[in-house]
Each structure stands twice: as C-alpha cells, then as structure tokens.
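Scrolling down, you'll hit the structures one after another.
The two complexes that follow have subunit A in common; it is paired with subunit B in the first and with subunit C in the second.
Moving on to the complex of A and B:
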C-alpha cells in the first residue's frame, strides 16, 4: 500500500535536531497499547527514547495539581508523567490517536490530549503530536507516519523500514498477550511463573488502569498472591472479540471498550472464569456505560458468574480495595468448595 | 466450657461475642469505638469477661471490621476476615435459607446475595456515606432526639415528608427547610428513613435481585422506621435477627470455630490482654517518592506488627 505514497511531501516544515534527539514517552495511557511500536520506530530512526518512571505518589501529585478537575484519573496520571519528563528530553511524544479502525473512535480525551498538554501553564519542550485517524483510510495514516519520521530523517525508505520494524515488534508483543502472558510482563520481557490455583478471575478495564500498579494498587499481584489465575482482555484474540461485538444489538463506538465487552462475553460463554473484576476510573464516560452493558447482558443470559466493579480515583484508599478483593475471593472460593461437595 | 471469640471493630461500634460449641451466643458486648480501636477492644474484653462463666476456655478467636488487622494483633486472632464474609456466614447461620442480606453499619452499607447458603454476589457503598448509620446519628443529634428513639418517632408518622436522600448535605438542608415549613418531626424522621432506603436501593442494591427471605442486620436495624420503609418499598417481609447489631462478630466467631476444627491451639492472648499497653506509632518511609505512611504496633519496645507500605519492605508477619 505505502509503496505508492507521494514521497515528494515537503519535509521542510519540521524542526531539525542535531545530534541524538531525546524523545520522551510518558508511561501512561496508550503507552500500554503501542509502546513496542513507538520504541522500535524512534530507536530505528536514531532517537533516544526516554520513558518516564513507574507512576508514584510524586507523579500522581504533579498530575492532579496540574490537571483541570473534570478529567479522569488516567489523564491526570498522564499529565504527571509529562511533567516528570519535560526537563529531560528535547521533545515529548503525545500523539493524537483519533481512530485505530474503521467505524470506531478512541476515547474523546485521547482526541484532545496534545491540546490539553499544550494548554498546561508550564514551559514544555516541543510536543510531537501527529494525528492518527484510520477512519480517513490508510493513505492518510501513512502520511502521518511519514510526517512523524520526518522529524528524524528525510530518508523515506528509512521511515518505512523503521515503521515496519515497529509493527513487527508490536505484533510479537500482541502475540505474547494472546498466548496468555500479562501485559506488564510482555512489555518488560520479565516473566514470572503464573499461579496454578484452581480459581480463575478475569480482570477487565483499561490497561492503563490495571497495569499501572500504583493506580490499581497492585490489584493483579494481590490476586496472584492468593494463587488465583488472572485473565485479562488482552489475552482474548481480536477475531473472537470482533465476532462477539458484531452480534451486539447496537454497534460500540469505542475501540478500547470493545475489547472489554468482547472479553467478558467470551469468558461468560466459555465459562472461562469464576469471577470478573471490572476496574473503572471515576469520571470515565465510556466505562460507566460499558459496566451497565456487561451487567445487563450477564443477567440476560442467566450466567451466575459474579462481576465486581472497582472504581478508582486519586482518593482511593487501599483499605477499601483490600476488603473488596478479600470478600470477592472468599466468596468465589467458598462457592467452589460448596459446589464440589 | 469451650467458647469461640468474635471481634468486629467498625468505624462506629466495637462488638465482641463469645459462642459455645453449639454456636449459641453465650454473651456479647456492643460498645462505641470512639476512634480508639485498641482501647475499645481491651475494654470490651474486660466487660465481656465479667459476663462469661468463669470456666470458659477460648478455643479460637476471629476478628473482622475495618480495624480487623489491628484488633487481630491485640487479641491474638486465629483468623482475620473481611466484614462481607463475616456477615454472610453469620446470616446464613441464623437463617440457613436466607437469600438477601441488607447490612447498614456506621460508615458503610452492603448487600449480600446468597443462594443455597453461599454468597454469590455483594456490593458495598462506594465513596459516599450518605444513608449510613453515622448520618442518622448526626441528624438525631441535630433534631435533639436520642438515636434509640428514632424508630418510634418514625412509626408514628401519618404523612411522611419527602426528603432528598441522595446526598447527606442536601438531605440536611431539605430537613431544615421542612422543619421551617412546620412539618411534624415524626413525618420528617420517617421521610428521612424512606430517603435513606431509596438511596440504599438505588446505589448499593442497584441491579441486584432481592429475593425473600431477606435479613436486615447491622446497627441501623435497631431503627424500626428503616425496617418499615424497606418493607413498604420492597413489598416484602424483612427479618431482623435477634443479635442484629453484632452479626459481624458472630460471623468472626463462627469462622474461628470453623478454622479451629478439633484441635485446641488458639493464639488467643487471653482476657488479660486488656491490661497490656499497646503502643501505635507511624512514620513516613523515605525509601522512594511514594512516601508511604508506615504504622507500627509495639509492646514494651517489641514490634508486634507493622504495615502500610506499598512495597512490603516494612511488613512484619503477625505472630
């Protein structure tokens, strides 16, 4: 497809950077989806990728102080990561990801992310914010890739090769997920043995909530410590998810929420889990609708798999989470014992 | 005589129960926590000992409630369980065929759905404490009626006032407004009960299938106005167990008994633990930018327990 792109596109509009460019990637939001791609692409083009540290109290405080009140917790966390990176890099990568497939959008907050960051009342390095909108077709998409690559080189071939390499990395990352590895392990390449207990809990929600261990208060680790096998939506293949959501009464507008719905329905259909925990962020519009959709469907189908919503915001105390997790795991294990006897 | 101790330390009340081998309640204590869980437990133990037969041997101890870990260290618990499990166990024990448990306590309210004696679903109130015992407490104080009398006033109501129950702050201004308008105090109180029940059913019990038999427990079950409002709204009979106010503690005692099985080897520290001087202190860990607040509990300079960190480096296993 990209062979026929018009290569004469004017590169002169971009800032040239001498020496090795340090490009900052906030460890938040879509980092959890696409980092392997971004990392390989930028590195291949000769840039040094600087990743912000794991979320901690300082980063969260930076973000909540800077962000306006209305945004959800993960966006506040994103602000915190941007602020923790700003003095360490020449440029910050904040893409505007509008759509990653035909007929569906990402979250409205992702659409405005670069503008929200630019509106911050602090000195920021250059913000690199290409628009990716697959609804406009592959042509426009690759033009954005080309624009992005133009920050580093004028060599069209190099940009295409770098992007291809990124796609390969993304592919192997996603294959690891579909093979049943947890996202944080697939991202870091550090794998630990999974629990082998009899109980299985599906944990769904946005990966930037679940796999940010500060935000989720180590939810997955806590479950694994109880010897519970944890399944996540990323482990369900896109073919299965697409098949399931195509049978919904009404089409879903949001790509990332589709994964949640598809995975939950798939687990219910195949009896793959003993319980489901849905992690929502307070003030997330899509989450609040999807939660009801899931509960409604589960009830309609008459499944007896308990679903527990966990709502997180910056005021969330660990005590509330611990009590709910303990109660939930107790409940399903006592139920399993009873069913056996 | 062999007994099992259950301790439930919540935000408002601290309850202690001893049950015997046949799971009958031997004696119980219901007292206010008053923001000091350690002394509440110690004083409770002292009072409980007075009520118990002298020859009693405690064969197992369990703790529950929001201060379950702290009180677990103080009494030497064999089992520390969350309050949902404790309440579910107690409810299905007193009424084996129970299908719905409504529980309203000091700062939280929960619903537990049981089928064939097993909890299959539950929900707790989230960040909002509107419609819990603390709110009723506060309003009783404001109107100048003892909380114990609240239910009787409510039952006298002929024409309940409509009170907005979604938020404690707005419910209060609504009540003041109704008072200024000249509504009878019993109508306002019953209106408040109805709004609390509405709030509970809309938020906590949202989407759950409430099936009979229904048990209502927790401190707020003392309020007959709330019971009546539940019955009117749901059109179903609500049962209140005899020991409704200490069901969490009964659950903890039952779990301790379940854990003990046949062996007699409890880590219960004895009733004399009420004389030990437990010291708690806290500090901020400087190990990373999380600055976790670490709490430790000491006796005579010996650290019994420490918790509160995110990474676990300060954690000390409870003995």
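Moving on to the complex of A and C:
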C-alpha cells in the first residue's frame, strides 16, 4: 500500500489509497480571508481538510523558534501552525497568493511564503503551493486552479464545479461580513448578540492579527464587554473602499492595505465611529507606511475621530493593552458626553 | 524651481552632472551623516525601513538649504520603496515645508507621465535634448561603477594601506570633469590605470567574499560603515552584487555585474522560486552564483525590517547547507554601531580562514 501511495504522489495525483487524503490548512494569515473557499473546494474534491488549532502559546513558541527573528508576528504564527500540523496530514496547503486583483500585490511575505516554509530544517509533508496571480489575467488564474485541483482529480469539470462552489461559499461569507457580522463569527457560524451601547469603535488592521484572539489578546471581546459596538474594515462595502482608494494621490499597490485605508478614511469622513483602533504588527512593511497616510488624513480632518495605534509582537503584554484600552475608551466616552451637552 | 534629491552612493555625482547639462537649478544636500540620520529617525515612522529615514534626513537638509522641489523615484510594488515618495511628501508637508514633489514612476508603467515629469524637471530643454544628456551621463555612470568594481577587486593586493582608496578618489575626480563621450572614455581609462598603478603584492592569496543585499545598504557607504573599504584593507577580494547602474537601468541586462536577471532568477529557483519585490530573488541568485564560483563566503546587508531581504534570509539556511557556503547577515538601522559590525566581520573572516585551511589540509597542501 505504501508503494502505491508513493507512486501516486509521483504522478501528482492523490488517490484515496489508505483512507481519505488529509490536507492541512494552517489557521493563520490568509485563512481569515479565503478559508470558506478552500474548505469547500477541497471537500468537494474528496479531501479531508484538517485545520490547525486556535493559536496558543505552544504554537507561537514553535513559530518564533523556527522563523527568522526579523519576520513579522503573523508569519511567525503561520510557522507555528505549520509545525503543529505537519505530523497530522498528508499534505500542507501553503498557496502563493501573489495578487488578487489587477495592478496590486498582496504582500511580499505572501509571495515568498512557500519557499520560506520549504527552507525549514524539519521533515515536512508535501507542500501544495499553487501560484495565484490575478495580475496575469483570468486565464492564468484558472490554470492555477486546475493545477491545484489536479492533485486530486484530472476531471476539469469537477474541478471547475468545486471551485465555483467554493466561490459561492466565499461570497456568502463576505456578504455576512458586509451585513455587519464579525469575521470570526461569520467563519465559525456561531453568532452572538452584538452590544447595544452608544459607543462605536472601529478596529482596523489585518484580519489575521485582529481575529486571532491570542495574537490580539482578545481585543474585540474586551471592547464588547464594555458594551462597545465594534466595527471592522470588512463591514465597509468594497464599493466605498474602492472609491476612496481611487482618489488617493498615489495608487496603493497592496490589496489588503486598501481595506485599512478605505475604512479609516470612510469613518473619518462620515464620523461613523467614535474612535479608531489601528492594530499593526511590529515590522509589518506596508503598515509602517500606511500609518503615515492615516495620520496625515486625520490631521487634515482636524482629528475629528481619535485614533490609537496598537503595535503587537510576540513580546506584547496583556496588561499594557488593557491599560491603553481603558484609557482610550474612557477618553472617548468623556468626549461623547461632552459633545452631547 | 530649485531641486534637491537624496543621496545614495555615487548618485550625487551622476545627477549633478545630468542637472548641470540640462541647465537645472539644484541644491546638493550635505553628504549623509549622523545629523541626517537623526533628523530622519525623528520624523519617519518608527518601523519604516532605514533608507526611508535616511533619505528623509537628506531631504530635510536639502530643503533647509533652499530647495523648493524634490525629485524621487516611485515604483509599482510590492517593495515599500515604491511608496517612499508619497510618504516623504506627506511627512515633509506635515512638518511645514512648502515644496513640490516630482515622483518619477517607472516608464514601463506610464511613459507619458514619465516624459511629462522629465520635461518639468528640465523645463529649458526639449525631450530630445534630455534623452541625449541622459545617454551621455549613463556612460559616465557605467564608467564610475566599473572603476568601483576594479577597486573592490584590487584593494586586497595593495602593498600600502589606503593607496587604492586614494587612487579611486583621484580617478573619480577625473571622471567628474569629463564632458563629451570621448572624454568619458579617456577618463575611464585614466581612472582604471591609476588603480592599476597602485603598488601590489601579487603573491597574496586573499579570501574571496561576495557582498549581496538591499541596494541602499550596499551603495551608501555611510550607512554600511564602509565595510567594503574595511574588508579590502583586511586583504579580502570583494565582488558586489548590485551597482548603481544595475539598479537604475533596465533590469534585463546587468551591465556592470555581468549577470543577466533571468540567469539570476534561474539560479535562485530551487530556493526562492518567485519574485518577491526589491532584490529578494536576485540576492538569492547571487549567493548561489557566488557559491558556484567558489567564493569563500557571502555577506548579506539589509536594513532592519526590509521585507524582500528577510524572505531571502529565511531561505538562507537551506542554501548554506546545500551549497556549503557561509553567509553573514548584517542588519543595519539607526541603532547599529560600527564596533559591533567590525567584531562580527572579524569573527567571520577568522571563520573563513579556518575553513580554507581545513580544505587545504584535506587535499594535502
């Protein structure tokens, strides 16, 4: 049986010899963007999707030990998830997502991610790393989809259908977000009643920082416990974001930073929130510059909405965050009371 | 309109020459020093990469000296460098400077915009005249880089310390004065012969080290603590992966270094199979090439938090293991001290000598 499995590996086709094919998806980075798509796609093609557990201390430690010192926290967390998954699966899914729209990249780290994982000095299962680059056009994109599906079946029709099903899942997931549901709730399907308090705080930053409750130290839950309504960039409709971003002096060439800039500018314009918390990870390249754009815009708008940047890394302490959150929320509620009277 | 621009290695010589030819009024900011770095660190975002901080320092000094326009190069990503001009514009305006930012975006992206900006900088000349001037200055830039390449190679053999550096300075002065293409050619020969005439000890068998990394950290001697001169005087034969013209010119043909970018991508493929912005993939390619050519070691220079180079650094363990080549990574930012860098370099050199001795004794020498 072993030989048989090996032989099929060489062909690049996983057969169901010896049970269902297990494909590991690390619960980090772009999991928070595209998991519904991947999940539906792989399940439809007959693979079992194995998710790594929620980030915990062990995973973070695994990641920080294995990764280079200088990479940003989310990538270290990704390393940790890969290492915690490696013995439980037949293959790991580490896609190289170069661009998801014309004329913009994701982030250099995503471009090099599969190579960085392959350079790890440990025994890893096979790494499935198709390259998705929408800048090259739809034809190339679907070729990558076919290549990915080719690991499971050679039936083009089946692959396209599975992908279409994945896209539908992704669409309904994104619709949930635009309707105002929090990302982690939309992902898990467990919705809890939102707070009804008068204060609204916008939390922006990369979803893999904000919605990883270990990394963000339960930021959102903490705010909700104070009866504060939390808004995130995912809730702002893409049309609004695109319109704001197209008015920028220089076109932004990072897709995921567009959401941050668009949401913050929109909130500053409409005053839809009473305060903004901007979560950045230390050593994040795009964030370091986007911060300036946001501060500049806030200055021009006369600081109508207070903004607090929170920089997180593996050394961030919970007590520090709690203190800053309390000071910020107190300040905002005082401001709100003052403006009312 | 008085133009200023940031420093980067010999860029000031080349741009001064070009602007003089085009009759453009410009101010050269003082050479990069601790003052510029401190200014930049004060006003730039905390974990932006180091070149942004230094160039902001340069620009502040340039604007203080009376400039009212800044020329910067743009980009289309994914490296942060493409966004520098925009961020510098915002920071400097927030600081209260009144100036115009002229960002030269890559001509491949928008050729009309590029031409318009060129015309704006050199308003007294026609586009044809600009093109001619650029062509001549380009020759000069290549000549300067070629002289530099020879300096790096030959410093290891000099009998009296600093002789090559002095000859290099003299050569640069000669090149600076050259105006017509013929004069540039003559000046190049002159500079090369000046370096050639330095008294040499050819019996030496120096260590060979390749220098790779992010272009700004490689090209700006004040930022990299002039490690090239330090290593050269330690008797080390150096080759550098990126020269100014390699960085400025069309990426297809690597004129000074002599390696095609496709060839580099091919060499890097087993370790880093996709372009990651900046010099990430070329760094890996160069390391592989240096290993193949039998270099004793490689030094990688990068500014703190540089994204493409960190990706390259992450795949280094695999390269070092498979190709058996030691790589020393030096990360530079405003906190880096010269003494720390020198200590690490000394340790690295010792390690390389020991390795060589071991190799020689293994073959029975």
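A few points about this structure:
One rule holds in what follows: the second predicted complex is superposed on the first by the 321 of 341 C-alpha atoms of A that agree within 3 Å, B and C clash if a C-alpha of one lies under 4 Å from a C-alpha of the other, contacts with A are read in each partner's own complex, and residues count from 1 in each chain.
Criterion: a residue touches a chain if its C-beta (ideal position, glycine included) is under 8 Å from a C-beta of that chain, and two chains touch if they have at least 3 such contacts.
This is a predicted model, so every value here is computed, not measured.
In this overlay on subunit A, subunit B fits alongside subunit C without clashing. The partner of subunit A that touches more of its residues, comparing subunit B with subunit C, is C. Once the two complexes are laid over each other on the shared chain, residue contacts for A:142 go to neither subunit B nor subunit C.
Within the superposed three-chain model, A:324 lies in touch with subunit B and out of touch with subunit C [touch as defined at top]. In the superposition on chain A, A:109 makes contact with subunit C only, not with subunit B. Here the apex is the CA centre of subunit A, and the angle it makes with the centres of subunit B and subunit C after alignment on chain A is 80°, in steps of 10.
When the two structures are aligned on the shared chain, A:71 is found in touch with subunit C, with no touch to subunit B.
Put simply, subunit B and subunit C get as close as 5 Å, counting only Cα atoms, in the superposed view. Within subunit A, the residues touching subunit B in one complex and subunit C in the other are 299, 311. Residue ranges on subunit A touching subunit C, taken from their complex, read 67-68, 70-71, 96, 98, 103-109, 111-112, 114-116, 118-119, 121, 131, 249-250, 252-254, 282-286, 288-289, 291-293, 296, 299, 311. Put simply, subunit B touches subunit A in their complex at residues 66, 81-85, 88, 116-122, 124, 126-127, 207, 288-291, 310. Residues 56-59, 214, 217-218, 295, 299, 304, 306, 308, 311, 313, 315, 319-320, 322-324, 326-328, 330-331, 334-335, 338 of subunit A touch subunit B in their complex.
Those residues of subunit C that touch subunit A in the complex are listed here as 45-49, 52, 74, 76-80, 82-83, 85-87, 89-91, 94, 103, 271-278, 280, 304-305, 307-308, 310-311, 313-318, 321, 331.
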